[in-house]
Amino acid sequence: MQRIAFLGLGNMGAPMARNLLKAGHRLTVFDIVASARESFRPLGAAVASTIPAAVSDAEVVITMLPSGDHVKAVYLGDTGILASARADTLLIDSSTIAAEDARAVASAAATYHLDIIDAPVSGGTSGAEAGSLTFIVGGAAAALERARPVLEKMGKNIFHAGDSGAGQVAKICNNMLLGIQMLATAEALSLGVENGLDPATLSGIIAKSSGRNWALEVYNPWPGVMEAAPASRGYVGGFGSELMLKDLGLAQQAAGASRSLTPLGSLAQQLYRLHCQNGNGKLDFSSVKMLIAGS
Amino acid sequence: MQRIAFLGLGNMGAPMARNLLKAGHRLTVFDIVASARESFRPLGAAVASTIPAAVSDAEVVITMLPSGDHVKAVYLGDTGILASARADTLLIDSSTIAAEDARAVASAAATYHLDIIDAPVSGGTSGAEAGSLTFIVGGAAAALERARPVLEKMGKNIFHAGDSGAGQVAKICNNMLLGIQMLATAEALSLGVENGLDPATLSGIIAKSSGRNWALEVYNPWPGVMEAAPASRGYVGGFGSELMLKDLGLAQQAAGASRSLTPLGSLAQQLYRLHCQNGNGKLDFSSVKMLIAGS
Amino acid sequence: MQRIAFLGLGNMGAPMARNLLKAGHRLTVFDIVASARESFRPLGAAVASTIPAAVSDAEVVITMLPSGDHVKAVYLGDTGILASARADTLLIDSSTIAAEDARAVASAAATYHLDIIDAPVSGGTSGAEAGSLTFIVGGAAAALERARPVLEKMGKNIFHAGDSGAGQVAKICNNMLLGIQMLATAEALSLGVENGLDPATLSGIIAKSSGRNWALEVYNPWPGVMEAAPASRGYVGGFGSELMLKDLGLAQQAAGASRSLTPLGSLAQQLYRLHCQNGNGKLDFSSVKMLIAGS
Amino acid sequence: MQRIAFLGLGNMGAPMARNLLKAGHRLTVFDIVASARESFRPLGAAVASTIPAAVSDAEVVITMLPSGDHVKAVYLGDTGILASARADTLLIDSSTIAAEDARAVASAAATYHLDIIDAPVSGGTSGAEAGSLTFIVGGAAAALERARPVLEKMGKNIFHAGDSGAGQVAKICNNMLLGIQMLATAEALSLGVENGLDPATLSGIIAKSSGRNWALEVYNPWPGVMEAAPASRGYVGGFGSELMLKDLGLAQQAAGASRSLTPLGSLAQQLYRLHCQNGNGKLDFSSVKMLIAGS
């Protein structure tokens, strides 16, 4: 079993790290919040209080951080991961950040001759707990193969999107589509209901027709249509509107750089921004149904 | 086998009527275009040259017409279907029209004590030929049960959406969602490709993720991703952009009447209008990929 | 002084009619609400209780009604204005309605050889009280010249937009632009304020620059920037959001018929619909500032 | 007369610098393109081939550069303006860049105790030639007063928007509004024309009504309405669509950082991006009329 350093023990990182421990890996953890890292001591992990201490002896380094600025700060610089890691360490960044930031870190890693993949996840905190995350990977195929046994301890699906940064690109393409489709599903159901249809009947019809999509079928935004969906428990839990807004912002950032046309993605960003401005940032993103249907 | 009158023998109506003949029904056909109706004589249908002649002896009347104005003209008035049909005739309107028009005709039919359903279809001309259409039905459950044996000669799936007009509402809700999702899929794939991803790889990843939808999975708008999709044969055939624009207009009409919020549906309407203005109205609606990706 | 029949004595019609009385015209008034018409008796007007009684002796008939359906009901039919008016009566419809409805009524009037103009107004209730309305006129130039002396009793500016219906078209073009610009002004001021600028300073700069528009300059949506604007008195009074939404709907109706591209007009309609859905329909339309700025 | 260093001699910078020479200032110029700076030698300017050489003896330094990255590169670093300038030099950056970049440079300047203002301009190349630019200034009032005599050699209007960065914010607020209004004006005129109105008549009516704005009144996008406007000469010259797109991008960047709601600004950005994608980036931005009206 490999020696793994895990940096970033937030809502996603902590359960991912715990799954690695359960699988028998020797783990050294680091987080800038002391209580977050200390909580791993009783579980059998080594606890480091600096980045170099965390990574200097690791065979694999995994990071799960909230933004590209954090990722650059942790990887680059004199006391960063790149300067501190051993020659043959494999680097896995599972943060969701801008593709250009991922490529910048990958370029820097190349100057150290270190393998690195960007491996953002989907599946949320429940997927992280259950070890059933999806990893969307950018980087060399060989690096992905090195990472695969470790990723499989934390997730079920692993996709190879392309070179460095491609994991980030593929994830925001998926999430932009998801954000649009959740809004569009709310629009379609609202239009139906306000014209006399039953939301469950209408959802059932569309689910078997050409308008079907994941949001409608397994994460329906209309309360009462699906018992297990956040909509049926007051939109508590799930994937926060604030997080969807972050991903739509990353999509717009990428679209701006490549001058890609995203009229619906751009309007969706504005509507989630309005929804968060209305105080719903912590609710599951399917709560945009309330913006569309008035309550 | 019932005696059926079929009115409206266009691209959709003609193959639907032929499937009824094949199934052994005694058919009387009518179309304002003489050549369209005469083409049914060699097939064994009776040909009527007026609406009363077509419907006066029918047990079931089916209409497949291009707009609500046509439907109202054919059903209402002194020489219309309602005034000409026998007391127990079952009426099936498979045209895609505004729900308010469908309700107006249904109200008028009620004054004649005639059963009527609105039963718009999806599946396109190929579904009409193959007898594999989907019918989305509005009207009384009992009327739908009377119609079911006939509908099953022309289609595979039959959904009951609710009362009169509900079939139309459900269909435009589905098609509005479809129109949005085709555009959104084009945006997501274009964003990925312009950031270095392969469109087939990206489609494969999203198809197994939360961004999946029917358009991406079985009708991919990117040329070369799916051999059988219109995108891979120059967007010829399929469901025309012009027809999608018509349905998005019906959705906006319904949304205006019920004051429903449809920001994405409304923007999608504008983008398909632009796409048609650019001369692409006859191409399959997945050709909006060209609007988004620049070619 | 001409004998004038005035039909439709609502918030706009009543003060317009009073200005005609003040100018010395002999007035016969009609409204379906008895108290509305009776309130004119003490002012010296004759009061009619039917349309034929109101118009049969008039030289000029003026209508000010809430919708195209009302206008068609009042002009057409056996007891409508067209059937009841004298051969040489001049007809002036000041209602704001769809251009196609205006053209339909004008066509019907032509069969009676009656001169008619569509003459929708801007200026609101205060302009109606003050006799300072703007009339935007569609119809023959000769008919406008016949109407001019009467219009001048109620308004200050009279524009000839073109043939029948053109008054309606020009008005909705203007109001669509106004609705967009109010929203856009709110966006620009909000963006400035949230980046540290003073709204009055910023308004002053833009007012002398290429971003200037009527809303910013004389009807500023930011509270406190202009003492006289509705924004500085809680958005009470002025031109209701609900009325702006009606005009944006007429614009979309016209755009749909002519297949005109109006992406911003269409999005503005959705945003005002949301604003009204939030309970702000009675507030002045500059209150969309609250939608954009969050309060 | 002060000794001025002018850095950045492009389409805007060169005529601005020439106006300073004409006014009698002693000028040292710098541009990374040698031919650009050498063209000033015959006019009597000193020509520097490095930044330190250009600014080390200057009382005032003016920069006019294409992007925030250029501005940061030229001001910061060991051989940048800040490190090379004399203690009491006044710094004027007339580039249009992100407010956050302007603030970053201003912060750095403060550590050198150097006065700096951001002073982006409007008025285009013709305003630069004529010395009739508008300066929108951010920074301390005292610094603006030091700059005023110099700015007045190049422009006619000088506005003080607020602290450092405020000039940039005010400019993008204005230009976002302008970009929206040009599109909206094209929509309104197109809607009118496609419903039978004459574009000049309609423009004349709106210009005296509540829909009026600068674009409609003095820069009309419809060919033939205003002889002097770019629309009447094939949209050649003026302010390029590409430049408007840049400013809309800066507006979205600022809106993203402050989480400001700009639904129309965001859609306008997408539409100009499409327009540029269609090959119209070099045409005056009023050419978006072609996107809206189909030609």
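Every chain is named by a letter (A, B, C and D) in the order it is written, and numbering of its residues begins at 1.
Keep in mind that, in the parts below, contacts are C-beta pairs under 8 Å (C-beta built on N, C-alpha and C of every residue); 3 or more make two chains touch, one makes a residue touch a chain.
All values derive from a computational prediction rather than experimental measurement.
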Checklist entry - Among all the other chains, which ones are in touch with both subunit A and subunit D? => result B, C
Checklist entry - Going by the average position of its CA atoms, which chain sits the greatest distance from subunit B? => result D
Checklist outcome for this item: Chain centres from averaged Cα atoms put subunit A and subunit B apart, in whole Å, by 39
Checklist outcome for this item: Cα centroid separation, subunit A vs subunit C, in Å, comes to 52
Next on the checklist: Residues of subunit D that contact two or more other chains, please.
Outcome noted: 259, 261-263, 267, 271, 274, 277, 291, 294
Next on the checklist: Looking at the complex, which residues from subunit A come into contact with subunit B?
Outcome noted: 99, 122, 134, 136, 157, 159-163, 165-166, 169-170, 172-178, 180-181, 183-185, 187-192, 194-198, 201-202, 204-206, 208-216, 219, 251, 254-255, 258-265, 267-268, 271, 291-294
Item to check | Residue numbers on subunit B that touch subunit C, as the complex places them | outcome: 249, 252, 256, 259, 261-263, 266-267, 269-271, 273-274, 276-277
Item to check | subunit B residues within the subunit D interface of the complex | outcome: 267, 274, 277-278, 291, 294
